[in-house]
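Reading through the structure tokens given below for one structure.
To keep things simple, chains are lettered A, B, C, D, E and F as they appear, and every chain counts its residues starting from 1.
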Amino acid sequence: MKTRPPPPAKTAPDRETRRWFGHPALSLVIAASWLLLQGSVELVHILWAVIVGLVLPWLVHGFIGAGLRPRAPWLALRLLGVVLRDIVVANVAVARIVLNPRKDPQPAWVRVPYTLQEPLAVMLLATIITNTPGTVSCVVDEERREILVHALDAPDPQAIVDDIVQRYEQPLKEILG
Amino acid sequence: MTWLQGQLPVLPVVLPLITAALLLAGGDGLDSPEVADRRAVMRTRVLSLSSIAVLLGISAALAVDAAGGDWRVYRLGEWQAPFGIVLTIDRLSAAMVLLTQAVALPVAAYACGGWDLRGRHFHALLHFQLMGLNGAFLTGDLFNLFVFFEVLLIASYVLLVHGQGRQRFRVGVPYVALNLAASGLFLIGVALLYAVTGTLNMADLAMRVGRFTGTEALLLQVGGLLLLVVFGFKAALVPLHLWLPATYAAASPPVAALFALMTKVGVYAILRVHGVVFGEGAGVSAWLAADWLLPLALGGSLLAALGALGANSLSRMIGWLTIASVGTILVAVSLYTPGAWSAAIYYTLHSTLVMAALFLVADLIAQERGRRGDRLAMAAPVAQPALLGSLLVLVAASVVGLPPLPGFIGKLMILQAATGPSAPWVWSAVLLVGFVSLLSLARAGSLVFWKVAAAPPSAQRARSGLVAATALVVLAMLGLTIAAAPLKRYTDAAAAQLADREGLARAVLGPDAGAGAVRPYRAGEDR
Amino acid sequence: MNLSIEFLLATGLGWVTACGIYLMLRGRTFPMVLGLTVLSYAVNVFIFATGRLWVGLPPILGQDRPVADPLPQALVLTAIVIGFATTGLILEMALRSRHESGTDHVDGIERQPEARG
Amino acid sequence: MIVWALDFALVAVAIAVALTGWRLLTGPEPTDRVLALDTLYINTVGLVILLGMRLGSDLLFEAALVIAMLGFIGTVAFARFLARGDVIE
Amino acid sequence: MHPLLEAVIAFLLVVGGAFSLIGVIGFLRFPDFFMRLHGPTKASTLGVGGLLVASMLWHWGMDQPALRELLITLFLFVTAPVSANLLAQAALHLRLRSKAAIPEDLDRR
Amino acid sequence: MNDLLVAIILLPLLPGVLLCHALGRANSPARRRATAWAAGAVTLTALGLLLLLAPAVFAGQTLLLHLPWVPDIGLNIGLRLDGLALMFALLITSVGSLIVLYAAYYLGSDDPAGKFFALLMLFMAAMLGIVVSDNLLLLVVFWELTSISSFLLVGYWGPQRADARAGARMALAVTGGGGLALLAGIVLLGQAGGSFELSVLLDRGDAIRAHANYPLILALILVGCFTKSAQVPFHFWLPEAMAAPTPVSAYLHSATMVKAGVFLLARLFPLIGDTTAFQYAVGGAGLVTLVFAAYVAVFKHDLKGLLAYSTISHLGLLVFLLGLNSPLAKVAAMFHVLNHATFKASLFMTAGIIDHETGTRDMRRLGGLVRYLPWTATLAMVAAASMAGIPLANGFLSKEMFFDEALRAGNRISMVVPLVAVVFGICSVAYSLRFIHDVFFNGPPRDLPRVPHEPPLFMKVPVALLVVVVVVVGVLPAVTFGPLVAVASTAVLNQAPPEFKLALWHGFNLPLLMSAIALVGGLLMYWALQNRFDLHLQHPARVTGRLLFNRGLDGLTSLSRRLTQKTENGSVQRYLALLVGAAVVVGAWAFIAGDQPSTAGSRELLPANLVAVLLWLLLVATGGALVLGHRRRVLAVVMAGGIGLITAISFEALSAPDLALTQLSVEVVSSALLLMALALLPRTTPRESSVRRRTRDGALALLGGAGVGWLAWLMLTRDHDSLSWYFLEQSIPKGGGSNAVNVILVDFRGFDTFGEITVLGIAAIGVLAMLQGMRVRRDPAPGGQHWSFAQPSLMLRMAARFILPLALAVSAYLFWRGHNLPGGGFIAGLVTAAALVLQYMAMGQSRAEALLGGDASRLFTRWIAAGLAIAATTGIGAMLLGHPFLTSAHAHPYLPLIGGVGLATAALFDLGVYITVVGATLLLFATLGAASKESP
């Protein structure tokens, strides 16, 4: 049995300094989720919601990166409205395609370039693209800064690109940067 | 009753767990693949051995307590049986727990000779295994028995491949797979019993099973027979024995020695479930196992003894002999008389110790034979023929049943207990098994010690610590002979106590023996 | 006979058992483990069925309604966890076995394939 | 009205489940099967929600939530496996 | 429960059930995987989303904890596109057939 | 004084064995001498003790000693010293001391003396034990001890010589096996007689002979006696045992061990003798043996072989005498025991000297040794004369008595008996003559390995002493062996024997005539064989017992090999099929052979609806697809996932929300594990089972499935009784929770859960232990292409960030409410673990583990330990307060601002569950992930 060599010098932990309330948006979401889960706004639950909202982001700080501070809340609400409306409208459109046996859709691969800086914003853009029917974000190419989108029925691919950039990417850029 | 006395029954389960948790938290000193952390290794060994020593003391105290003749019932969570889980301590379970630690202590000491460094967390796993074994022996609840079976099994899966290497993993996968399948059968069996009787407490089951007839009884019988398959498989009852020889041969020797206990768990469960629950008082389901057990055990023990004859390594031979000895025990169990059960219990004690000793002796021999190990082929002579030879002769003679060793006394007890129409079969089988075992052990011994290459004896001498640990098991075995008279009284009483369903029910379930505990379960009623 | 949930459950359970057994008896570790997994699903449902079947009556108390038998459910929970643990273990053991022996045959050696059929 | 709508939705989702099952069984691509399983999870969420309404119980919510969460994680594992040959790198 | 609320709930249920079904029909009938991928996204948005909102309203109407389903809805809206994204990548890696021509210079590292 | 009986056995057993072993470990001349001295001293002390006790025996007393050992089974330390025991004990110790002396000079300088003398002492103790046992089970104990010690003694030269190994094994097999039969016989005898103590049984002979088991008892005991005493057909081991060192042969195979069978016949004669069956069986076996072996002896070329067959023949003679229903025959037998021991031991020693001096025992090479070894030759001639039955030697006297008994038996039974006796006499003379003539005369020796010299004096002394006895007894039998024979016969007959006279001259009578015929016939026979047939080329008896035994053993061994190879072939599929098959068979047995009906019950069933039917169809189809498509493994995992999902839905719909949650989370986590494993395995399963195999498996599967389904149906169609009402009643008041399932888990049956999390913990630790050091290279993608999309998807990375805290919140919520509503520590733990696994998938293992705090295996191991410890500590807390393990306490304190708070120790227990589950699950993943990392 050999003896153990001296332990190697401890490497610096791969995490930034944690701060309480370093992720205000997340803290709010979590506290709200807690209340939603409990289905009640009794004092005891609110108290716990605050605790959970503060503790959890602190606990998983290293995993979630730096906090975000949305800049234009009203714009965000507007974007939400636009997206919800588009979901309904486009769903109906897709339903037509699906249910019409004679309709032969023209699928296409579309590259949607983006200028967003924040990865979360890119993710949101991709999410919106997929959630609005007719398009699915297939590859987010971070080097080329473009999203490869598959469109179910796109006689005019460029129209889709323009639509996405205009309706979603621009507002997102303003909100998150 | 002092506090300690009151809490005694649960300690054989809790203490190993705490020890294992401490061992895990403290690390085993093997984090770095190249070098062992000497201090951590020492700490681990000291903690492990001293914990088993304490356990041995606790088990001895339990056995002394049980010898008084009363059932000790430990109500976990302070819940009344049959609702909560109880530990039921009678002479039999106390004896098995004591036996477990008596095997474990020398085996652990033996492993400290170096085997424990050949893989991660050996001692923690050993303690988990002890927890499972003790729990299985102590529990009075059928489903809880399943849980502890799983504890001891899953620890055994890992211990089996301890030391790694191709052969161990080769047998490991089948071993686990078979046991998983068996666990499924176990659950179906338990489920059927619950589905009909509405209870899981074994004392309650023993009182209730006899009340059912018709399809209910049929369901119970299927459940009981499935459990017989499961326990028979664990006990390596022929034809469910095929997994054992290769498995035990591949296990590292201390693990194989420890596994001598594993087959006995199956025997124990058969005694509890098929001896008592489906025993005399089970109405139309009485003696459910008898039709199967006696012929299989008789034929099986002979077949296994024959298997030992052709084995090509010591450890494989010991594996076959293990099957044969369990077969002999099950022959006694299947006679369903207190005398035969007493013999079965005594022989179980013997068989466990002797097989453990054999595995350790075989390892000592293998270590001194160099590359050939324990293979039954010509090799260099061992360095200490007198020592190892004497150990082997002593242990082998007991396996064969040569007097005055405990194997002889056990077989004598079985012979004397076998009366009635099955007696000629039992006698022939027991004696023939002894004869064929004699042939194979003589062959093995003469091959190992006499048919040696003309080389000088290997320089590798067994470490004295290992020899001492082995000798400890052998001494424990010899103790069975020296103390045969009090032990016989104990096993007689244990068998009588085992058969006393009413006494058990009163002790576990209270004076009304659980009347009213099970009620019709209908929506909207009784709530 | 009217089709009953009980009938569906019993037959479905039997079918899954059969599938599990068949897979368990295959010659490679992976299907064998899958078979054991599927078999454990069936066994769990079997235990569950010992409490008989109830619809809309989960054993949550204090709502002044009858409830399903909670004991088999508790037993199944234990069985599920144990099944999970053992499945994980045999799976990783099978991996190691293949690493050691170079084959994923359950026997740890490549057997002569039987006459292909 | 609600009862009728509930039944309609239940049947619709049940048929959806059955149809998804068709894709699950027939593929043809492995991704189809994984997508089918994912869809099955999502439809199950709907099914559980409907069942909760049908039984007048609020005890099924957690099941729906957990199905949604873990179903996603399962799909990720499958998708990563298909795309990268492993689940964790 | 207020009849209007009932009507809204019933409407949402019908819409949700219908779109769940339509999504799966899409999943069934399109010729290549990338097209089929569009179907289930419907199931998760308007389909199950509708059902979830119906349930929220219904529990609210029953004086039970409501709004909890919002959490599931939110969750599905976030995760379903990720699933689709990953499965699309898998399909691209597997070089599955696509009716629309896949860009030649696709970077698949 | 009776306590000395124990000392007589214990002396050689403990001081004897231990001293000899200790002294003889080093092989220096001084040590060898010391060892021999120790052995000699022990033997002589034992002899001295016997002589001390002898007067009492001669005075007609029987010394008894009884100490309990295992009285319940009749095994006790019961010792007796009567005439029979005394005679044999004196024989054992006196010949023993001569043998020690002889062996001290016989053993070569390479032969380990310690081993030899220790074993010799062991044997002596066992032999003494046999003869002084009063308890018959104790007698069996010593009986088998002689088998073992003789095995070791015969195999003394095993490391060098194959014949020694074979001889030892054969001796053990035959005598040890016979011992087992003897054991059976003795147990039956004891059951028939009601005791195992001879002193009790001696008066119950009639009862035993009248017992129904008497024939069986007799047969079993005779098998024991005949194997030990080498009676035909069990005789073949004795010549093989001649591979032993000569002192061993002289001691065991002439004077003592082989006489054990004779002794036992004599010992048990009052119990089982004196019946027609006994007379025919014993007398017949003896008669056959004595003539057969005498005839064979003539044709042996090996000195010791000749002596061995001669011994068998004389043992036959003894057995024959004991079988006769004649009291005087017993006297003759006792007398011959002594006589045979003296002349045969001396002849063996002579043979040893010749072997020692010339290096061979082959009479075809020996000759004319009288010139080299005159003293030895003289001694040998006297001893051989006794063997041949020449007057003035003691052998003559007992042979005369034998002829006399043969004649009397002839009168009663058949005149064949005296004829056979004469043939025996002729052969005896012939082989004795050959022994002397071929060795000491008959021309010069032929190329001997060594030039012989007279051996050391002390090697001849024992021979000389014995030869003196031969002659003195031959001349003065009455005053020498007379008294001993008298007391011994008294013991055998259990009464005084009829008057008898031991004297050299009996007058001219028929026996004397027979002796004369034998002498002349023997001379003629030897002459004829030597000159007419060239005896040296003769090879009698090709089909020997040895051959049969070896064939039998080989056959048995190869049968064993074939059997094990056929059945235990390492095929898991077969073992599993057997297990399933066994379950199917016993289940079917209960249905078919049992007498209970199998009918569905009358419970009101739940009507099926469309959703249920559709799900059922999906389940059936998924199962079928799983079986049919299982060779595509990813597909199989998907199908299994589908089955798991449908199971979860069923649980949810059938009032088991906790089960649904658990099943679902376990199912997803298992799928992920399966996929990780699949990454390191082939993607497809080869098609390799034969149609037959698949048909068998399919049949088994369908039978098993049908059985389980039918059982479920029988169960589901009838109402049930249960103790569950108690849980429903007590959950809230005593368990402090309204989720009955959870309260059962953490409280009523918390012990199960305690075991269950232990299993989970062990599994994870086990995986860590099993995969230690494993690094595998992943296979390239199917088709050999490179893997795409190395960078994890940005969407996944971002989603994972969002999901982790949310999942933790959900976990906390599930944990929080578990006691009252569906949820609990286990589900919460799995959700947490799954969320962390998602992190692993999104950001890679090394980064995730760095964030978690470094060395994952150590970290998660500690989590497991902590979880288990917390759960245990919760239980122990109750113990410290004097309650049983896991006793829970709960309270609902009212806190300002917060309101009522439910606090239960069970929640702490559940926390232990939670931590264990998280730790174990992550350890499973982390270990597997680490193993599948590309090796650096």
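Quick note on the criterion: contacts are C-beta pairs under 8 Å (C-beta built on N, C-alpha and C of every residue); 3 or more make two chains touch, one makes a residue touch a chain.
Since the model is a prediction, treat every value here as computed from it, not as a measurement.
Between subunit B and subunit D, the least number of touch steps comes to 2.
Number of steps on the shortest path from subunit B to subunit C, with steps defined by chain touch: 1. The greatest centre-to-centre gap from subunit D, using C-alpha centroids, is found for F.
The interface with the greater count of contacting C-beta pairs, when D-E is set against A-E, is D-E.
Look at where the CA atoms of subunit A average out and do the same for subunit D: the two points lie 22 Å apart. Centre to centre, using the average C-alpha position, subunit E and subunit F are separated by 70 Å.
With centres taken as mean Cα positions, subunit E sits 31 Å from subunit C. Per-chain CA centroids place subunit D at a distance of 61 Å from subunit F. Across the assembly, subunit D contributes 10-11, 15, 30, 34, 36, 56, 58-59, 65, 69, 72, 76, 80, 82-84 as residues in contact with two or more other chains. Within subunit F, residues 570, 572, 576, 580, 637, 653, 657, 669, 678, 708, 711, 715, 719-720, 722-724, 727-728, 749, 752, 756, 759, 762-763, 766, 770, 781, 787-791, 793, 795-796, 799, 802-803, 806, 810, 821-822, 928 each touch two or more of the remaining chains.
In subunit B, 143, 147, 150, 154, 157-158, 161, 164, 169-170, 173-174, 177, 181, 188, 192, 194-195, 521, 527 are the positions where the chain touches two or more neighbouring chains simultaneously.
Here subunit D touches subunit C in the complex through residues 55-57, 59, going by the rule given at the top. Residues 781, 787-791, 793, 795-796, 799, 802-803, 806 of subunit F are the ones touching subunit E in the complex. Within the complex formed with subunit A, the subunit F residues making contact are 789, 791, 793-795, 797-802, 804-806, 808-810, 812-813, 839, 843, 847-848, 850-851, 853-854, 897-899, 901.
Within the complex, the subunit A residues that touch subunit E are 33, 36-40, 87-88, 91, 94-95, 97-99, 105-109, 111, 126-127, 129-131, 133-134, 136-141, 143-144, 148, 150-152. Taken together, the subunit C residues at the contact with subunit B in this complex read 24, 29, 32, 36, 39-40, 43-44, 46-47, 49-52, 54, 57, 66-67, 69, 71-72, 75, 78-79, 82, 85-87, 89-90, 93-94, 96-97, 100-101, 106-109.
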